[in-house]
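Below, subunit A partners subunit B and then partners subunit C, in two separate complexes.
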Partner chain A sequence: MKSVIKGASYILAHTPDMVLHNGTTQTTERIVNPDSEYLKELPGHIRSYEQVLSYWPNQVYIGNKTPDELAAVEQPWYDKTCDVSDRYGKFGQIMPQEEFLLLMQACDVFDLVKLDSAFVAAHKPALAQNPVMDESILARIGDGIDGAEIARLVSEEHSEGLYHNGALVGCVNRAHDIDVNLSAHVMHENIVSKASSVLALLSAVHTTGISKDEVEYVIDCCEEACGDMNQRGGGNFAKAAAEIAGLSNATGSDARGFCAGPSHAMIEAAALVESGAYKTVVVTAGGCTAKLGMNGKDHVKKGLPILEDMIGGFAVVVTQNDGVNPEINLEILGRHTVGTGSAPQAVISSLVTDPLERAGLKVTDIDKFSPEMQNPDITKPAGAGDVPLANYKMIAALAVKRGDIAKADLAKFTTEHVLTGWAPTQGHIPSGVPYIGFAREDLLAGKITRAMIIGKGSLFLGRMTNLFDGVSFVIQKNAGSNAPAGVSEEEVKGLIAKAMKEFAATLLAQAD
Partner chain B sequence: MGILAGKKVVIIGDRDGIPGQAIAACATSAGAEVVFSSTECFV
Partner chain C sequence: MDLENQKRVKEFAEQYGPENVVVLLGAAEGEASGLAAETVTNGDPTYAGPLTGVQLGLRVYHVCEPEIKQEFDPAVYDDQVSMMEMVLDVDDIVNEMTSIREQYCKY
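What follows is the complex of A and B.
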């Protein structure tokens, strides 16, 4: 039986101070050009929490607005205010920095994260109001320490500072005196990733209504590595996050593939469930501090706000077939192989047209394609263009070449089968998976019958190979025939309603 | 011969545009010597 997508969560954490202190564009600039105009101007381009709440792409990410609604808004979006500015959405939430710092401390099990006691006292009540937080997590938050001790740790012990509104409010200590893999910098990066993954997992439990005990396996697909000097990248983020999230019955492992990681992980999750190895698998990923403000120089140069100020995260719950939720079809898998090559045409052929050809389908049989859903508001001013659109142009061109669509229908294709990007440029976060939440809803509502999720990864960045990578899979409407023996809850409700209606009709007839 | 003939070239390809390897192949065919080539990611 094919596995199904029970639900998905999408979360953001607004981390403006980490843009300044932890984004690699900024940390590199501070080393090579410490007196640069960019560093001087940067603080004036940081957005407030209220501004990120009313930013259109963020509201789409957490599910309060749809991709179609976003597409109808004229670009650029940074200078427009979304008519919804809620912190919570149907898929997740946009967490403010102060609560995220507390969550980081709750996710630390080695007493490395230290927070100022006054900061903890001021903000812990707000975190307690968060509907996805429970007592087990709140109980992990300590009372904090004296601010002077934090300042000493940063200045004398190589600790990584944690800042809020420009003030030092905490730090992450190194986990070893010599091991660079356990340095304060690495521990900070990894704990941010873990905390955002935990928030995504908690949100997935909250939005799907599953019991935490149902989860048997978790796959983390972020782009960070945890381990010590003897096993750099040994893992396991998945189990570490599952522990904090309270998924006591779960084990897990990490899947890596740069930005293609989430798509690889989804296919693996579907295979694990379809094979019967596990009944419920959750694919999760936290975000990346290094990429904060990655294109900041171009944004500042053009007078834009720093738009890469959000840590992203997501989680997808994959379960056994319930006869209702959309299925993952493992018979239509795209794969970029070792022999595929790196030319854009070859890449898209391997991921899109080749699997469809094998399945006897046309490009037009896929209602929506979700390749890399980077927000063009971020990438266009930086000269990287509209990434989703570039993917769509190549898919459309191949569709014409195959005779699936007429050349005259190119424009139609690029309006009907596409999505406008809304995800933050957090590497793996925008890669195919941002649409899964909406795709599930569109499939359940009968708006579409098939969606293709496409993940692509830049393996060459690791300097181990010059190869590119990518995989794709199809989510489709539940065939219904795979429903387990018996009847579903909806069917039971329908049967009861029918029986009551007939009973009422009988009573009325007797009364007459 | 093209304008690249006999020239040394440094190539930075874009993961979402033209990969470094593709540019290198073109530059080499035009008579250039590729001294560095990589593909970078900005997203």
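What follows is the complex of A and C.
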């Protein structure tokens, strides 16, 4: 029996000070060219929390606006103010930096994250107001230590500073004196990833209404590695995050594949549920500090604000078939194999047209394709173009070559079967998965019948292989006949009524 | 251009002699092609990588330029590149590449 998508969460954390101190574009520049104009100008291009709340793509990411609504807004978007600037959305939230630093401390179990006591006192009440936080997490936040001690740790003990509005308010200590894999820098990066994954997990529990105890397995698909010098990628961010999120019945593991990681993880989750190995699997990923301000030089040069100031995260809940929620169809899987080659034509064929051909489907049988959903507002000024659009043009060109559409219908295809990108450029975060939340709703509402999620990964960045990678899968309308035996017609009706009610509520919320 | 790639291009130019090296690009649009081409001819315009201030002046082409297309077996080109040819703004890429070669190419 096919597994279903029970729901998804999408979260962002606004981390402007980490752009300056932890993004690799900035840390590299500080080493190579410490007196550069870029570093001098950069602070003047940082956005306020209010600005990131009213940024269109962010409101789409957390579900307060739809991709269609975004597509109707003329680009660029950085100079437009979204008419919704809520912190919370139906998929998740946009967390301010001060709360995120507290959450990082809550996620640290080795006493490595130290916060200034005044900072804790000033901001802990705000975190306590957060509807996805509970007592178990708040109880993990200590009273903090003296600011002078933090300054000493940063200057004398190689600790990585934690800053807020330019002021040193905490630090992440190294976890070992000589092991670089446990250095303060690596611990900082990993704790940020873990904390954003925890927030995504908590939000997924919140939005789907599942009980934490139902979750039996968690798969983490971020792009970080944790371990020590004897097992550098030893791993299990998944279980570490599940512990803090209170998923006591879950075990888990990490899936990696650069930006293709989330799609691999989704297929694995669906297979685990469909096989009966686990009833409820959550795929999760936190974000990446290294990519903050990645295209900052181009943004500053062109007078734009630094748009890569958000840590992203997501979680998708995959469960046994309830006869209602959209199904993951493992019979239509695209895979870029070792022998596929790296030419774009070969890549797109292997991920899009080959699986459809095997299933006897045409390109036009997929209502929406979700490839790399990078926000073009970020990538276009950096010379990388509109990434989703580039993917759609390739899919359309292949559809023409196959005879699925006429060449004259190319333009029509790239308006009907596509989405405008809204996800932050955090590698794995924009890769296919940002649409799953909306796809579930569109499928439940009968707006579409099939969506294809496409993940692609640049394996060559790890210098272990020159190969490219990617996998794809199809989410489809629930066939309805797959309700598990023993579930009465009444129960199914109840589930449908609940889903319709949820959908009506989202429509009402949008109308508001 | 990626810092590691700059380093490799520089090393190949030193190993084989710049007159014997041709850089073949596959970038998705004109501006990115131009930046990469400028990097291997006039030096890294972002002043970040090993080619900063290094004017290699290498011959550099995009795979969709006619000079390169004619070097291919047409069947291979159809199989590997024709889809991208349909997608890319080839005229824009050719203009950018020609301009960079005219300004900075030494061979």
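Everything that follows uses one rule, which is that the second predicted complex is superposed on the first by the 485 of 512 C-alpha atoms of A that agree within 3 Å, B and C clash if a C-alpha of one lies under 4 Å from a C-alpha of the other, contacts with A are read in each partner's own complex, and residues count from 1 in each chain.
In the analysis below, a residue touches a chain if its C-beta (ideal position, glycine included) is under 8 Å from a C-beta of that chain, and two chains touch if they have at least 3 such contacts.
Since we're looking at a predicted model, the values are computed, not measured.
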Exercise for review: Please indicate which partner A:427 is in contact with in the superposed arrangement: first for subunit B, second for subunit C, both, or neither.
Suggested key: first
Practice item. Based on the superposed arrangement, let me know which partner A:29 touches: subunit B (first), subunit C (second), both, or neither? Key: second
Review point. Touching A:295, do we find subunit B (first), subunit C (second), both, or neither?
Key: first
Check your understanding: Is A:343 contacted by the first partner subunit B, the second partner subunit C, both or neither?
Key -> both
Point to revise | First (subunit B), second (subunit C), both or neither touched by A:384 | key: both
Point to revise | First (subunit B), second (subunit C), both or neither touched by A:107 | key: neither
Practice item. Identify the partner contact of A:400: answer first if only subunit B is touched, second if only subunit C is, both if each is, neither if none is. Key: second
Check your understanding: Once the two structures are fitted together, what part of subunit A is touched by subunit B and by subunit C alike?
Key -> 343-344, 384-385, 390
Revision key, fill the gap. Per the touch rule, the subunit A residues reaching subunit B in their complex are 258-259, 294-295, 342-344, 372, 374, 379, 382, 384-385, 387, 390, 425, 427, 430, 458, 460-461, 466, 468
Review point. In the complex formed with subunit A, which residues of subunit C make contact?
Key: 26, 28-29, 31-32, 35, 46-48, 79-84, 86-87
Check your understanding: Where on subunit A does subunit C make contact in their complex?
Key -> 28-29, 32-33, 36, 297, 341, 343-346, 348, 383-385, 390, 393-394, 397-398, 400-401
Exercise for review: Show which residues of subunit B lie in contact with subunit A when the two form their complex.
Suggested key: 14-19, 21-22, 38-43
